[in-house]
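The next part holds the structures, each set out as structure tokens.
Shared between the two complexes below is chain A, which has chain B as its partner in the first and chain C in the second.
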Partner chain A sequence: MISRRHFLSIAAPALALSGYPVHGFTKEPIEGRIIVIMLQGGMDGLLAIPPIGDDNLFKQRKALVASNPLKLNPLFGIHPNFRNFSKMLKSNEASIVHATSFPYTGRSHFEGQNVSQSGSKLPFSTNTGWLGRAMEFAKITGKALSLDAPLLIRGAPEFDNFYPANIEKTRSPQAALLDLIKETHDGDVMAAIDKLSRASMSGPSRLRARDPLSLATKAGESMRELNGPRVAVLTIPEFDDHSSIGSTTGHHPELFTLLDNVFYQLKIALKEQWDNTIVLTTTEFGRTVQENGSAGTDHGYGSVGLLAGGLINTSSVVANWPGLSTKDLYEKRDLFATIDYRSVCSACIEAAFGLDHDFIIDKVFEDKKITRIYEHIFG
Partner chain B sequence: MTEIKLKIILFAILMVFGTQIQAEENILCIQKFLAKTVFNPGAPDGVWGKKTETAINQLISQANNFKPQNIKKSDAEDVCKTLKGNQASKLLEIGQFKRFPVEIVADIGEIKSLTDFDFSKIIISKNVNYNCNFVILHSKGFKRASGKVIINNGKLVFKANGWRIGIASKGSERFLTEEANLRLTQNGLRGIMPHLSYVGEGEVEKPVQYITLGGNYIKETNSSTSDARVAFLNPGIIGSNNYIDDYGTTYTFKIHGCS
Partner chain C sequence: MKIINAIRGAINLREMYKNKNQWARKIGFGFGPEDEIPTNIDVWNTKQINDEFSLIGLNKIGLWPDEYNFSIKQRFERLHKFKTIKEKVEEESIGRQEKNARLRISKNENAVHMYDTYKLWNSAIYGNDMFKQRLLHFWTNHFTVGGSNNFRNYVIGDLIYNVIYKNLNGSFDDLLYLVTTHPGMLDYLDNTHSSGENSKFAKYLRKRGQTAGLNDNLARELLELHTVSPARKYSETDIRNTAKVLAGWGLIVSDFVQEFNEKKEYREISRNITLEKFVLAPYLKNKAEPGKKVIMGKSFPAGPKALRKLTNMLAQDDFTAQHLSKKLAIHFIGENASKGEIKVIYDTWKESNGDLAEVHRATLNVARTTKTRKFLWPSTWMFQSIRVSGARFIKESKSDGGFGSIKDDGRPDFEPLGILQEIGHNFWASRQPDGYSEKKLDWVSTEHFDRRIRIASRIFRAEPSRSGEEIADLLDFSDRTKLAISKGRNSEEKFIIALCSSDLMEI
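Then we have the complex of A and B:
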């Protein structure tokens, strides 16, 4: 019988590596590295980083606040399961952006995940991802293997993909399916990946290569090599907790522990390259402020982004806090997102790839209204 | 004479109110700048109130890496000049988002670790001090890990531990030394320790598991052991613990060869 903890560690995570520098093509070695951890399902930002200084938090969701959050400052705390991330905060290697979201206010996972990966305002309006486009403009390219890729890094010329796993030195029966899916889907990325997940869940031999901690280790070890990839994308699914989301303990807190250990594992595996790295989380949307009738939360708007890496100099929580009284909520139910998360993505591209902010928002995101947040995260 | 007096009075009025008008313009300049940021100065009325003072101090503090500021009404002219100078665009950019410094006051050690274990209701064998060897055996008899452990007032302190776990063994030897949190009790070992799984060639390492010990204790009595030193120990203290990992495999953690 498979334990719940074990299940969480193997439930369809993925890793994609990309951006190998090519001798003779890239003039100067690109030192910066970007690792994106996609938290699929919609992470509850208020449970992860509770605004303990906002009295309305306890009025709105008394049962959904951990009993012992670690106090970060008078306004914000952090869930106690983020043990390693808290240490990174204390040692000025991590930061938090709160009340943030990609510009998507709908409630669809498919659309939300597409927007968070494409960086476009409208879902399914482009076939490439913001990170892939950034890599292309930064001239980070090279040879790689490919089975399938998340939309996020599409646009990069080539990439290596460990989803579900090509590291067992065998061409699995699923590989043909992956190729087929790659050739046939046009935009409906998440549906394809869902198929991929189901297909690759069969057979115990696949489990080992697909847990997030192993993939984090693999990503870190590959990226610390001089000519290793500069980009990795990891996914952690299962955040869609409509029921029994947990508070101090429970399903979401278990995922926090997993995410926390992924951060730690990446740091350990990257070794000295941690200093050149920024790790950031993305999620398609947040969750409702109040709990529903099943002790869970439903699809919402604003959430939180967690960032860590040696490129950060001073830890802080960046937030234009909108408040949690009912009148301050989006549609009177969701945390208002007052920061466009694409600002955060732009800052990470600027820090790691050295591209200019104005260039990034014009060419990568095609939206000149995106505000620069670089100084707040990396300054 | 009257005309001279009138001129003096007018001059005085101009001096007083002119300065005041200038002061109000400086405050208004600050307020208008702040209004373009997220630092709310209240209504731009040219009056130096608490909101204006708080907002400008917060902005300048944030621009100076949270260094506390003490900007007063009397500084309004200088501040206004700054806001109109070559730092204006930078300050405007900084003013678009609020940063809250991280001021973790709790000791990180107080945060529950992966090997935290509540020993409060368990009687630890506090007077037990020995240098021992340990071994972790697979159910089929394979030696998975071995090394030296000191039992210090009932606490297990690992001095060396080597794991035989295939390709993943590289750099993994510190886990027991750094993270294991085990105690010896009258009823056997208690606590939590990391466990590393064996990984074959061509496979990726498995994540570290955290195993809670406390059941399936096998006592090594005076009569059942060939270790002469054990005969001098309290029966029931030294022995072995069986445990099952997340993949369903049984292992035995055994202490032996004490001196």
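Then we have the complex of A and C:
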């Protein structure tokens, strides 16, 4: 039996035996890339990565456990819809961090999303994102694949967004016109128009579709270019399933399939740059351990983070498992988060941008208490 | 009528919007070439709050046709009709393509949200109740109901026009209760899926091995977003007990008709509730949680009357007054509205007990004297651009550049809805319950500017009667912007620069 509150880094035998080459991380500066997939609405971590070795899971949840999870190790399984991600686990290019969350327990989407993007402990306390600040210190560029520029990436010296338009009888604005419009603006607006002006000179984009898979392709393609962006942010919305979320099949499992395909698509599109990449998910909070009255789960606390990319050497499920009996839950209802997800973010920044852990927690997160778990994910 | 000191005080301050065209943009959509410019702005302001206005017609000819004003009952009937046809088509032994084609036709024939969208555009571009239209957008956003499913697309327009618009001059107590019990809200925030743990309904389903019980989604947002906000520091138990008061309100309306007609268990449990009865009072006793509930220290009895008692308590809470005064100030005055400006609205809210006519009047008066500028929402900017430039909304021929068109059979086409989606500001879109952001930075990105410029070029093709230079003179644009406009290489470029300048985007 696995003892509670003992820091575990469990590599499943089935995974550890696979013979893929190990992509080494050296202390040489590498051109690492970070892709963040924001799972908006609060992913149910217990449905995605069920702790099948914890008997209390089945006591707490009657319906919302997939009938045929793939067993990763004695404690954890993975929802069968993560087909590609499971293969990545087998080939030592993916990892899972469980019972984790940003330091926010309020169960509000809007505060939670703000915290998960700003990296601050207090919601709405800063105008920049943790990724944007890391980019500022590492002096690198990035792109958001959305109509808006998300808070997560703000603060970076160079960032941009991409989301193809679909308005009949219009074409991309010309640089000369943009420069005149720019003259009437200041600050952030001026900067945005300036970027649009430069983008207009790089020719029209072939890709017009804007579903997450197409955007993942676009992200991967531009990031593998020589001077392409080194950061991308994608969003998959609609994880806020309060009712009929589905166990083996249903809405949450469909989103798992989509997320799984996004991971796969990124790998395909990045080609050889996959080796220098870390993809990580974020979500504002997990969901209640027990089902609510309508076969769904309400807003909770601890959830799971999925990571993939060539920067990982050995697949593992990193967790300090808090247990699922009612007395072990946060306020007797939610999975406890025993790992601050900012530790995961810090490790990814360290691996991809080569910044030092102490520097990251001091300058990016302004919280010197964040533990270094780099070795557990990238060691 | 009660005269409030704080407002009288505000009027004596220096008027910031001496240009009437600019003032009409601060609180409305600006004056178009065909609008009558008021000689006395005070009279016009009073009218903006008190007068009853009629909506203008589809093609600007006559009034908005009554057959396109749908009651909630008509909306349910149309949805029912569509669903019935859908079932029939699905059973037919024809190919998928043929089925989809027939479903599309039926969906169009029974659609109501196209008309609702047209009404939104038309009222903003031509309506003479422009402050009310802006307030309508504000409150529609405050009480966000996201679309995406068929059912909600049918009822969002009812929430906008039959509930919010009709109560803009009423009390916040009434508005809050009516919105909370609206079928669109009950469905969007999952209350339809909620039932009391100890309700007959939940016990019945559990006996059959199905899950049933509370869902706290609406309860949480009712407190967090619609009323007191987290600043009130309520507990998780308060949320839970709010959910218990809410349990019983709403049935799973997405499949409303089928459930009533086909599923025996629903018939047994909810007895013979007719469509009409359900629409009027969507409370099902058998789904409600028995017993009293305590929320923020106050006790609420079992039964349907508890909800009104609860929404009244929340509406009257001091934190609600603070939260909403700030939101109104940010919307009309700007993100940087001062504490003093917010306080004028707040004091009015408190003195009038949330009388919205008074609160809105206070907001308008504070806006008159503010120096703070507001970065306009994309749709507000677009409607202002169309209106002020005198461009046309409805296309008159296939080749012209208007936006919408009315087909031969009288049905509107899809584009006005599609454009709202493109600019990221569609009240019928699937989105988060906190609604669209009021922060400038959330609307600043290269893609957002790409959309603005594209929309401006479309407005130019919709035959505006005012040029870029004329708009700049009319609205007292800065010299910097006038210079940029003069450098445009042709009338289209000059027009686009005027529309996409900071002078038009911010007011």
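Side notes on the structure shown:
Note that in this section the second predicted complex is superposed on the first by the 295 of 379 C-alpha atoms of A that agree within 3 Å, B and C clash if a C-alpha of one lies under 4 Å from a C-alpha of the other, contacts with A are read in each partner's own complex, and residues count from 1 in each chain.
Everything below uses one rule, namely that a residue touches a chain if its C-beta (ideal position, glycine included) is under 8 Å from a C-beta of that chain, and two chains touch if they have at least 3 such contacts.
What you see is a predicted model; the values in this text were computed from it and never measured.
Using the contact criterion defined above for the overlaid structures, shared-chain residue A:K62 touches chain C, although it does not reach chain B. Contacts of A:A319 after superposition on the shared chain: chain B is touched, whereas chain C is not. Of the two partner chains placed around the shared chain by superposition, chain B is the only one that A:R372 touches, whereas chain C remains out of contact.
Which of chain B and chain C touches more residues of chain A: that partner is C. Residue contacts after overlaying the shared chain place A:D211 against chain B, while chain C stays out of touching range.
For the contact definition in use here, the residues of chain A common to its chain B contact set and its chain C contact set are 165, 167-169.
The part of chain A that touches chain C in the complex is made up of residues 40, 62-63, 106-111, 127, 144, 146-149, 154, 160-163, 165-173, 176-178, 180-181, 183-186, 188-189, 192-193, 195-196, 199, 237-238, 242-244, 291-296, 298-299, 331. Residues 3, 5-6, 9, 70-73, 75-76, 80, 83, 86-87, 89-90, 165, 167-169, 208-209, 211, 213-215, 217-218, 261, 265, 314-321, 339, 371-373, 375-376, 379 of chain A touch chain B in their complex.
The touching residues of chain C, counted against chain A in their complex, run 190, 193-195, 197, 202, 211-217, 220, 224-225, 230, 236, 401, 415, 418-419, 422, 424, 430, 432-434, 440-451, 453-455, 457-458, 461, 478, 480-481, 483-485, 487-489, 493, 496-497, 500-503, 505. Chain B makes touch with chain A in their complex at residues 38, 65, 90, 93-94, 96-106, 108, 111-114, 199, 202-208, 246-247.
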